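First chain written, first letter: the chains are A, B and C, and each begins at residue 1.
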């Protein structure tokens, strides 16, 4: 390692090999994934998120929701994801191709949200989400800055709501801000109902022994 | 000259000089110019350990890397021997139901299969549905025009062509035709036999791009 | 005293140190100061873990943003500044000449830290990239790369212009860290920010970067300091040094492949995680070499060696845990839990930071030409920081065990998992407070040491014992 340029070149080669192997390699495999067209349904999956849901994803990202919530369901025989009603199948790369910045997350302090909009057995309503975001709970922080109290001009707005135990001055209403509404729309848009060919469980002919 | 005591926590004393640190270690690597011939390999047991790790790695990759296939998400998948993707059998009832409710069928015949009284004939308790599949297949493939009597009531409206034939707005493949027909023949209490894809294909090939059928033409068939 | 040893003694207070004093002390002070905001962020975030309604009125301090602020201030504030100071100094000492291009280092340090402040404000207002360890907003990233390159230049110059042709392990690790970081950062910026790859490939690329921060940047910086200081203070040749080159290339070539272990079971093809398992196992070789090389630190005297002993033990432990938790059967219990957080804490605080602290304690008296101003503060910092690291790692790990066991059983509700973690998470908060106090002691001690060095005559010659020549054992 006395030869300076050769040493630096060696360093560069090691980093280049790992970059090409890990990042470029997986990009070559997954970068060209296209939506899967289902002939019977007559449409392609995954479907593009609506504009408001796409904006909601940015809110989800910049508030750092991913520090407590994952958005990746593991296959039914690996962990309790299915039993908890978080999703019936393994999340696959194709699920995320329309997301500008997938929020896979690495911590499950809260539940997984990959399939939040199509949960088993109960789907939360927009009102449930807004209530939780406004008031928080024993284990979920509140986000009061996603809401505003404003004077009723004319009729009460369609989106206004009143959480339990909260009173407002008469003539005022509580509504979610644009950011709050997009976040709720985004959460409800999170579904992974469609089974892609690669997400179906594979049946093995014989049980695999030894270390996984 | 007095120095801080070596045990004083405020200063760490150096025991040796920088130059000698380099030269002493360089000798150990056996590449110091004046030490030619004194090349020392890394200890054999360390190398054995490394090669053991490499061997483990290679074996593990071969077994659990899913053959580096981007479609494999379960590391236990093996090629051959019944593993891998088995062709998935399509349930014609499920597919038929999806088609019935997503395409135009339920707009006229309703999701209940009861049709619209006076305008659209019902699919429930109809001999046309549960009777001969020869006629039924032709109706769906090419459409139907003119008056028709269903369950004792007269109707006169047009049924569009659904098959992959000239003038069809739907261009359904034969297996979709078969699936939908199987569905309507076995739903809402109907209990007729399913319709096979082969039979649809055979009739499609025989009739080609037939124009929409009339009841008169159909009644000549079995 | 012989002439030779007089010369050797003076070698401990060289023109190299005197000339590098300003720039390197600047880096060290900045780095140590960053421990304060980073510690405050860590403390606030740890309170939110058991009391979720803490600070919820403040949009700047949601838990996600606090975590991003904490890790960014810690990595790019504390670790980057101090790590660079250590690497530059080690390269200058081994090179035998005063550092060149130090103006670049100073300018780079100023812009790096200004950029970091801007980046933290950006994160607090919602501009974080959402990639773990790569949270700096896109608009400060180019500045950071340029500033880093400016700082690193003098190190690479010191290495290429060294007095002797020979090289030493500390050289390799220091040069690798200085040279590789900008490449790694730029490559990640291209695939995540400028020309973003699609879908989950982003998660794979972010995993590669986060692993690279450990294996290609901070671990080499810390090891560079250790490889230099351990033979210096122990006065003995490193044992099994013949294996050192293999250990070095093992870390460099294999390390960055192991990032995929965090994606086990996730929406990426199976081979990504399997590759990570295999490469994590190969890393055992690197850890073995480090363990063999650093055996001598067990009996080495001094404050620095105490920290390095702790740091090296934590480094080896975290390496073993990395291998263990990369296997799917184990990951099933540890993935997505606080066990992963505990591992990060053990790695970045217990291993990297402790090795850095050791180097700082060794380095500052030589740069400042003064002994540390207070032995009591040294002892206080040493005791409290070790207590804090052990406490936080233990708290997080206990919480993680509860969480992992609970998550595996669908019948255990998340509410009861949360209740079960409250106590260990409170322990973690206490430990984070301890760490903050400990680091405040270090800040006070460092400022006092430097303040006196600038007002008194250079009395360094009286500080250091004469150093001997190190003899290689006969072959």
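The criterion applied here is as follows: a contact is a pair of C-beta atoms (placed from the backbone, for glycine too) under 8 Å apart; a residue touches a chain by one contact, two chains touch by 3 or more.
The model shown is predicted, which means the values in this text are computed figures rather than measured ones.
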{"item": "Chain contact topology (line, ring, star, complete or other)", "value": "complete"}
{"item": "Chain pair with the higher count of C-beta pairs in contact (B-C, A-B)", "value": "B-C"}
{"item": "Chain whose averaged C-alpha position falls nearest the assembly-wide average", "value": "A"}
{"item": "Computed distance of Cα centres, chain C from chain A, in Å", "value": "31"}
{"item": "Cα-centroid distance, chain A relative to chain B, in whole angstrom", "value": "22"}
{"item": "Inter-chain centre distance, chain B versus chain C - centres from mean C-alpha coordinates, in Å", "value": "46"}
{"item": "For chain B, residues that touch 2 or more chains besides their own", "value": "64, 70-75, 77"}
{"item": "In chain C, residues with contacts to at least two other chains", "value": "166-167, 245, 267-269, 275, 328"}
{"item": "Set of chain A residues in contact with two or more other chains", "value": "29-30, 75, 90, 92-93, 212"}
{"item": "Contact set on chain B toward chain A in their complex", "value": "64, 70-78, 81-86, 88, 95, 98-99, 102-103, 173, 176"}
{"item": "Chain C-facing residues of chain B, complex", "value": "1-4, 6-30, 32, 35, 38, 40-43, 46, 49-50, 53-54, 56-57, 60-61, 64-75, 77"}
{"item": "Residues of chain A that touch chain C when the two form their complex", "value": "1-2, 4, 7-8, 11-12, 14-15, 17-19, 21-23, 26-27, 29-31, 33, 61-68, 70, 72, 74-75, 78-80, 83-84, 90-97, 99-111, 136-145, 211-212"}
{"item": "Complex contact set, residues of chain C against chain A", "value": "48-49, 52-54, 56-57, 59, 62-68, 126-128, 130, 132, 159-160, 165-167, 171-172, 175-176, 179-180, 183-184, 187, 191, 196-205, 207-208, 212, 216, 245, 249, 252-253, 255-257, 259-260, 262-263, 265-269, 272, 275, 327-329, 332, 335-338, 340-341, 403, 407-410, 414-415, 418"}
{"item": "Residues of chain C that touch chain B when the two form their complex", "value": "1, 8, 11-12, 93-94, 96, 164, 166-169, 228-229, 231-235, 237-238, 240-246, 250, 267-271, 273-275, 277-279, 281-282, 284-285, 288-289, 292, 301-305, 328, 361-362, 365, 371-375, 378-379, 461-465, 467-473, 475"}
